[in-house]
Amino acid sequence: MDTMELLRQVKEGRMNIEEAAEALKKLPYEDLGFAKLDHHRSLRTGFGEVVYCQSKTPGQNAEIFSHFFAMGKSVLGTRADQEQYEAVKKAVPCAEYDPVSRCITAREKPVRPRGQIAVCTGGTSDLPVAEEAAQVAEFFGARVSRFYDVGVAGIHRLFANMEQIGQANCIVAVAGMEGALPGVVAGLTDKPVIAVPTSVGYGASFGGLSALLTMLNSCAEGIGVVNIDNGFGAGYLAAQINRLAAGKEEDER
Amino acid sequence: MDTMELLRQVKEGRMNIEEAAEALKKLPYEDLGFAKLDHHRSLRTGFGEVVYCQSKTPGQNAEIFSHFFAMGKSVLGTRADQEQYEAVKKAVPCAEYDPVSRCITAREKPVRPRGQIAVCTGGTSDLPVAEEAAQVAEFFGARVSRFYDVGVAGIHRLFANMEQIGQANCIVAVAGMEGALPGVVAGLTDKPVIAVPTSVGYGASFGGLSALLTMLNSCAEGIGVVNIDNGFGAGYLAAQINRLAAGKEEDER
Amino acid sequence: MDTMELLRQVKEGRMNIEEAAEALKKLPYEDLGFAKLDHHRSLRTGFGEVVYCQSKTPGQNAEIFSHFFAMGKSVLGTRADQEQYEAVKKAVPCAEYDPVSRCITAREKPVRPRGQIAVCTGGTSDLPVAEEAAQVAEFFGARVSRFYDVGVAGIHRLFANMEQIGQANCIVAVAGMEGALPGVVAGLTDKPVIAVPTSVGYGASFGGLSALLTMLNSCAEGIGVVNIDNGFGAGYLAAQINRLAAGKEEDER
Amino acid sequence: MDTMELLRQVKEGRMNIEEAAEALKKLPYEDLGFAKLDHHRSLRTGFGEVVYCQSKTPGQNAEIFSHFFAMGKSVLGTRADQEQYEAVKKAVPCAEYDPVSRCITAREKPVRPRGQIAVCTGGTSDLPVAEEAAQVAEFFGARVSRFYDVGVAGIHRLFANMEQIGQANCIVAVAGMEGALPGVVAGLTDKPVIAVPTSVGYGASFGGLSALLTMLNSCAEGIGVVNIDNGFGAGYLAAQINRLAAGKEEDER
Amino acid sequence: MDTMELLRQVKEGRMNIEEAAEALKKLPYEDLGFAKLDHHRSLRTGFGEVVYCQSKTPGQNAEIFSHFFAMGKSVLGTRADQEQYEAVKKAVPCAEYDPVSRCITAREKPVRPRGQIAVCTGGTSDLPVAEEAAQVAEFFGARVSRFYDVGVAGIHRLFANMEQIGQANCIVAVAGMEGALPGVVAGLTDKPVIAVPTSVGYGASFGGLSALLTMLNSCAEGIGVVNIDNGFGAGYLAAQINRLAAGKEEDER
Amino acid sequence: MDTMELLRQVKEGRMNIEEAAEALKKLPYEDLGFAKLDHHRSLRTGFGEVVYCQSKTPGQNAEIFSHFFAMGKSVLGTRADQEQYEAVKKAVPCAEYDPVSRCITAREKPVRPRGQIAVCTGGTSDLPVAEEAAQVAEFFGARVSRFYDVGVAGIHRLFANMEQIGQANCIVAVAGMEGALPGVVAGLTDKPVIAVPTSVGYGASFGGLSALLTMLNSCAEGIGVVNIDNGFGAGYLAAQINRLAAGKEEDER
Amino acid sequence: MDTMELLRQVKEGRMNIEEAAEALKKLPYEDLGFAKLDHHRSLRTGFGEVVYCQSKTPGQNAEIFSHFFAMGKSVLGTRADQEQYEAVKKAVPCAEYDPVSRCITAREKPVRPRGQIAVCTGGTSDLPVAEEAAQVAEFFGARVSRFYDVGVAGIHRLFANMEQIGQANCIVAVAGMEGALPGVVAGLTDKPVIAVPTSVGYGASFGGLSALLTMLNSCAEGIGVVNIDNGFGAGYLAAQINRLAAGKEEDER
Amino acid sequence: MDTMELLRQVKEGRMNIEEAAEALKKLPYEDLGFAKLDHHRSLRTGFGEVVYCQSKTPGQNAEIFSHFFAMGKSVLGTRADQEQYEAVKKAVPCAEYDPVSRCITAREKPVRPRGQIAVCTGGTSDLPVAEEAAQVAEFFGARVSRFYDVGVAGIHRLFANMEQIGQANCIVAVAGMEGALPGVVAGLTDKPVIAVPTSVGYGASFGGLSALLTMLNSCAEGIGVVNIDNGFGAGYLAAQINRLAAGKEEDER
């Protein structure tokens, strides 16, 4: 029963106001005691469920995965370690784990990928963050092409791939140290660029601060920046944009 | 003559390699002495020309505006003051100025707006930055609706407008001080949110740093952040996303 | 013998000035060698004794606990680990330990809780800090209701509980990452809000700095901020305010 | 007509759902075009209206003052200059201005002060911030006693006044430079202390950052910190606490 | 009389130790009262004299210029304004002033330029710093070619000039905002790159900090960084390197 | 009447406790309304009175000067401008002003200087801070020798003076930019060095932060650091040390 | 086959444009899947290959080393640990490891060292960074002399070596804590100084930030700064400068 | 043979200049390969030898201790762990270790303590830093009295000891967290105060930064600040001041 139906019942006198208010409060989530799960989320945001595993115990993660999965939802866990995965695996046997991106995926049904997102990195050390972005975008229905180790210190590597990169609806550019990749990419395309600073580096990189500032100060237009190492956020935002761009054309076929 | 034609001539022996290389270098821009103008930009990025007026003299701005305008391009000047506007006005009589957003607009021809972007602010002091974003998005062809002073300290004001805000293809959320608006908005919609921290505030706002960090650390998904007070960048990125979303449906009509 | 009595003796010639001065200096504390204990504290501030366990050895903590307890005082230890607890337990058998909040409690006698404090968190990771606040407030005589995982990214969860939260005399709002919870709560109530930033987060959260700045810059009125992860300080301050509010009404019954 | 009445009409069929929703949205505020005024605020938070004048034009401030005043509300303007005051004065003749605290006050009717708040400063340079706190607290109904220039560098000045300070329900301690005053005060009382760092200082005071950090790190319990120079926030929070403490006793007389 | 001669006299008994010590102390500089001038500097470092004008009065600058010039030395003044120049001009009529770089030059005799230095900028706003670098390098005997407005946001402009840039012995790369230019240049050449961050920018550029960090964290090899806006330091260092590279080849002709 | 006398009267019954307490509170200072003056200070710290003029009006400064001077005290005003001096001059005709150090001095009687302090600076721009230190030390009875512009970039200038510098009881070393002077001086002497960072510099000097950090991190032993630009604090501390060192020898003559 | 040959074939019709473009893209590097290797690098920059080992697995490092070595190139690995070395050693038996500098060297043929670089350190703790610089410079063909523990706190140690240091073409000065060494060295020589801040220190050294700022703010001319602990970058830049200075003279013999 | 004797021999022809220069260079230190020991230090600075053990191997520390000790010098090692001590103990059997302060002391002969230094701490956690200061001062000949856990949160504990504290020639005040102790102490005495911030704390103490800034910004006069946790530096500086104050009086007995 959704909110509209509930209100109709109130109007028609089939439910009194106090009952309605109580029901309304309970509808959008259930309380597991340690975390409020939001069942309406996939309706409201149009995507599946995502769990930030890092600060939760293996048991808590397993419980959340099985709860959502039992409701027919696909679930993605980010920042998970092997131990957390094994607990989830016992509860949801179809769950899969990728140790590079540290993602656990439990797909309720296969999705047909649509549109196109490009994920680029400045160096090989940025790979874990880039893979998190890529797999999150794939979880949310996007087709993803990867262009790794194309940083600006050897810029011909970027140029050799730029035409292909530019054909995506949205580009995720991941870089640590100096963080110059997103700015150069944005100067060579008319597509939105999601910039992800990473904590790769040492000394005056100050844990990713240097790359973050570079990206925020980029002279090129068309860049949105996410938090340091936030591959998840970049993949999610890219998937949103890709869905806006790709949705209609494919729906119409 | 474009690059392809040029290469064809080389292949057919109508031009030798040295001449071709020279011509190639000159094609994409002309050199005015103090700034390299990039005529191919509107082709490459699909938009018109933008001039960052602030650090240029009135004369320089006027020269750049008239140069582009003479080539049949619309031109947008950002961070312009009254004196800079008057110099531009003399060179390009159709130029218009908005003192709040500090934008100069010289439109070569009217554009039919398409799609929908929502621009929200936390307070009334964020207006100049929000208007810059809104006018830049309009310059680049977007329809823009404005929702000002809907900050989280009186959150019912945001809620009363949220349904309308959520119908846009992309939402620009502008806030200073604590900068919480974009996170709350992103939690209530499935559309991409462009977050713009402003330098509005005092004390521990540290010139917008507080709002910037808030936005980068938002727990809600689907947020891309731009530099402090960078209304232009937000408007541009929003227009890119809006064009991806709106382009096809309207083209097909 | 208290100060007034002492002074009276001086006036009446029963004690000379030099003796009085010496006695005066010794009255308020005893010297255990490594820490000066303040017996007058519970009189002066109206509460029991609190020990910051973290930087002390198990033996030192045990000695301090038993010293105070022998004087008829309740004692609360914060930031204690299991080993420290076991040492205290041997010295003060009624001592109890909560591993989430890391508090050791040795109550000299049960207290009748009065008033009402609400403790809210943005996410489940903020729980240890919130529990420290809650248990400290309970130690100092407050009734505490808990509202965990009601952060602004899914703001309907907060709204569903807001009426109940607003009935407390004082609200402790605990949040990491963006730290927006206290500002939203303060905008929805007329009760004082104690804001506690936590170090939960990564990247540009800079160990809680982001949440701290957000809270200091909140546009909503009625917020006092404590140090990052300082659940103790928040619980103490909330208990002070609650006592001011609740004291009279209950005393009068 | 309030929300409850409105809902009753819906239930009784005197108003349809669509009309009700529209009315509901309009109830809590009116739109002046540049700022959303919140008429329900004084009900919701129990206090009058406050206007942050600094970033608004004299005309805007005058319009907001007269709008609220016409509705029978007292209005307080903070961070106002002489020019802004004169514009307000024309619109609301009973408005008064204090150039030290930079507050404009337009009282709809006199309030009988209750309870007691103490406002202390470390030095004479902290006076403008302290006066803002004091006048805000007075606007919201508190009796205020002032103890200026009692900083820790000459700590006997504080001690001579400490007994009187400790009789207040809540203490606002204002200090720049090293910012040690609130910590010392909190160690000598059992009342809540609102700490206000000021930007008074030079060099490594970094615009008040030094004082802010000192206050957040205070070893004494019972301190809530507000933003640098935020006299308004401190006065408001102190008034909230004072009302909780004083309300009942005086109401019962 | 130089140090060697002096020591010889001591050894030969023509001067006693005390006199020698006194003479030795006075030799390398004279005391004008407010500044110790170092006559030996041009011998020790092989270059002329440089005066940092900014924090000195017009009179002090004029006195220093005329003092050095009277001794047959060329003098360069940096960070000078028009008023300072006019005072110098009166004392040293051949002095010249460039308002863009803010350099005053008083050449004792023309120098034959040798070698080659390239000075590049990311944008037109970086020009004053770049010109300071260029003119300082020219003052110290280098031939300088300028490549302005070749920033990475439109990277084809850099590429069109890269062959020419790479022929210099040393490249000065000047950039504000994101500061990515030096890293890209260094990746395309085998010559040393002197990176100069500028304070051009706003918001999270934090007065040049962003560009500075970018340059220090560059992934490309062969970059030495100087202080923000320190065109002088970059020009000096480039001239030193150019002299090492060019000296011999030209000396041998 | 002093405290001892007062207590004696209490003991002898000539004064009751309440009167005594009241008198005790009033003794150490009088209240001018805007500042609490501390008459006992010169007894307690052994020096005269110092007024930080900057944040006070000319009238307030004049009142404070004349108040102290009327009590037979010498008064030193720091951070004073010409206008403040003129107001003081009218009230205390013997007052003198030095525009470099910005000190106002009103000596009640001449002091015979004793001991020896050396004040050194890295450059000529550090002069105002150094002169403040020197004049403060002279006000408090020290003999001061000055060694200006002896910074480490031309280290032979320091060496030529080092023997003389090392004969002082205490050395004040003032430097901006890199701030290396105190560390080098401390490595060449066995006397305490008071290090004063100045805000002289630009770019990454961050208002004196660079020099401050350098001094705190010095590898040489025997350095105490004061706040950026705090010439007063350095002069005061040096005078204290000098008095300890010089007092006895001279007293015994 | 190189680019020129390729273009000639296109011109002569022996290759069509599409094939040429494809070949062109593939020429400069091969794709190992996880890292794009740049075979043209040693031609373009004139040096061998360098691998940043730290963030790569032992297997990845071994693969990269053997790949390059098989192509007849010398390879240098930086920031390598013992385990990484052993994996490389198995693949390239001539590889050598230095545990202080953490460098792996696999020389394809011996190089005749030329020119002269001096590497100095402030203390013994700076040795690992200094050795990295020294061995990198030696790898790239420079003769290196070492001057360790010559910091400014005992400046006579520096002076005793300064004549020899000054004979190098380029000086690398490595220092932590206060970081004053490069500035003092630069004031005593006319050769370029590469300044390397190290993270050696504690407290307010903030992980090398203090030394970094000192070096950027140095008053002495002729200093280029690299990232904290970046011995590699310093050695590389010094080798570039040394090659410019030494190349010709030695080539001509 | 010292420098004077050497110069005399030169003058008298018993040594030629070249030999003299060589001898001069070797006199002040010997080269152990990894560290330059400075034998003249105890003459130049009047104290014994100090070794910063932390970044050296046990073997290196043992070698340095035995080297100095063999030359008849007392040696103090700071920041030493148990393993380092045991290595030193084998080489210098009379060496002693204190695990709290982490100091190794090897006294060549007993020193008669003179003068008086007071060492105070804010809390018990500051003890290791305070003990380092105390033991360093004792090593250098000072009599030390300790006042631990007298922080400002319970300020009566400080007051009860203040008379005794104020009798010292110099006061070392050690505090973490808010760091207010030195400022309060300095306001109550006329003796120099050496302020030592410690890294004790959490959250916004930022590793001691908060305490450091508090101390630098203290309103009280007569404070010199050392690096965070730098007990050694404080003890050394206090010993220098104490020697200046105490030396003469005791020498004369």
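First chain written, first letter: the chains are A, B, C, D, E, F, G and H, and each begins at residue 1.
Just so we're on the same page, a residue touches a chain if its C-beta (ideal position, glycine included) is under 8 Å from a C-beta of that chain, and two chains touch if they have at least 3 such contacts.
What you see is a predicted model; the values in this text were computed from it and never measured.
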Required minimum of steps from chain D to chain E, each step between chains that touch
2
Comparing contact pairs by residue number, the option in C-H, A-C or A-B matching F-H for over half of them is A-B
Need the CA-centroid distance for the pair chain D / chain G, whole Å please.
60
Which integer distance in Å separates the CA centroid of chain C from that of chain D?
26
Approximately how many whole Å separate the CA-defined centres of chain D and chain H?
50
Two-or-more-chain contact residues of chain A, please, as numbers and ranges.
154, 188, 203-205, 209, 212, 216-217, 221, 227-228
The residues of chain G that touch chain E in their complex are 44-47, 50, 169-170, 188-192, 194, 212, 216-217, 221-228, 232-233, 236-237, 240-241, 244-245, 248-249
Note which residues of chain D are touching chain B in the complex, please.
24-25, 28-29, 34-36, 38, 41, 55-56, 60, 197, 199, 207-209, 212, 227-230
Hey, which residues of chain B end up touching chain C in the complex?
122-123, 151-155, 177-180, 183-184, 186-188, 201, 203-206, 209-211, 213-221
Would you tell me which residues of chain E are touching chain B in their complex?
124-125, 127, 148-150, 154, 156-157, 160, 200, 202-205
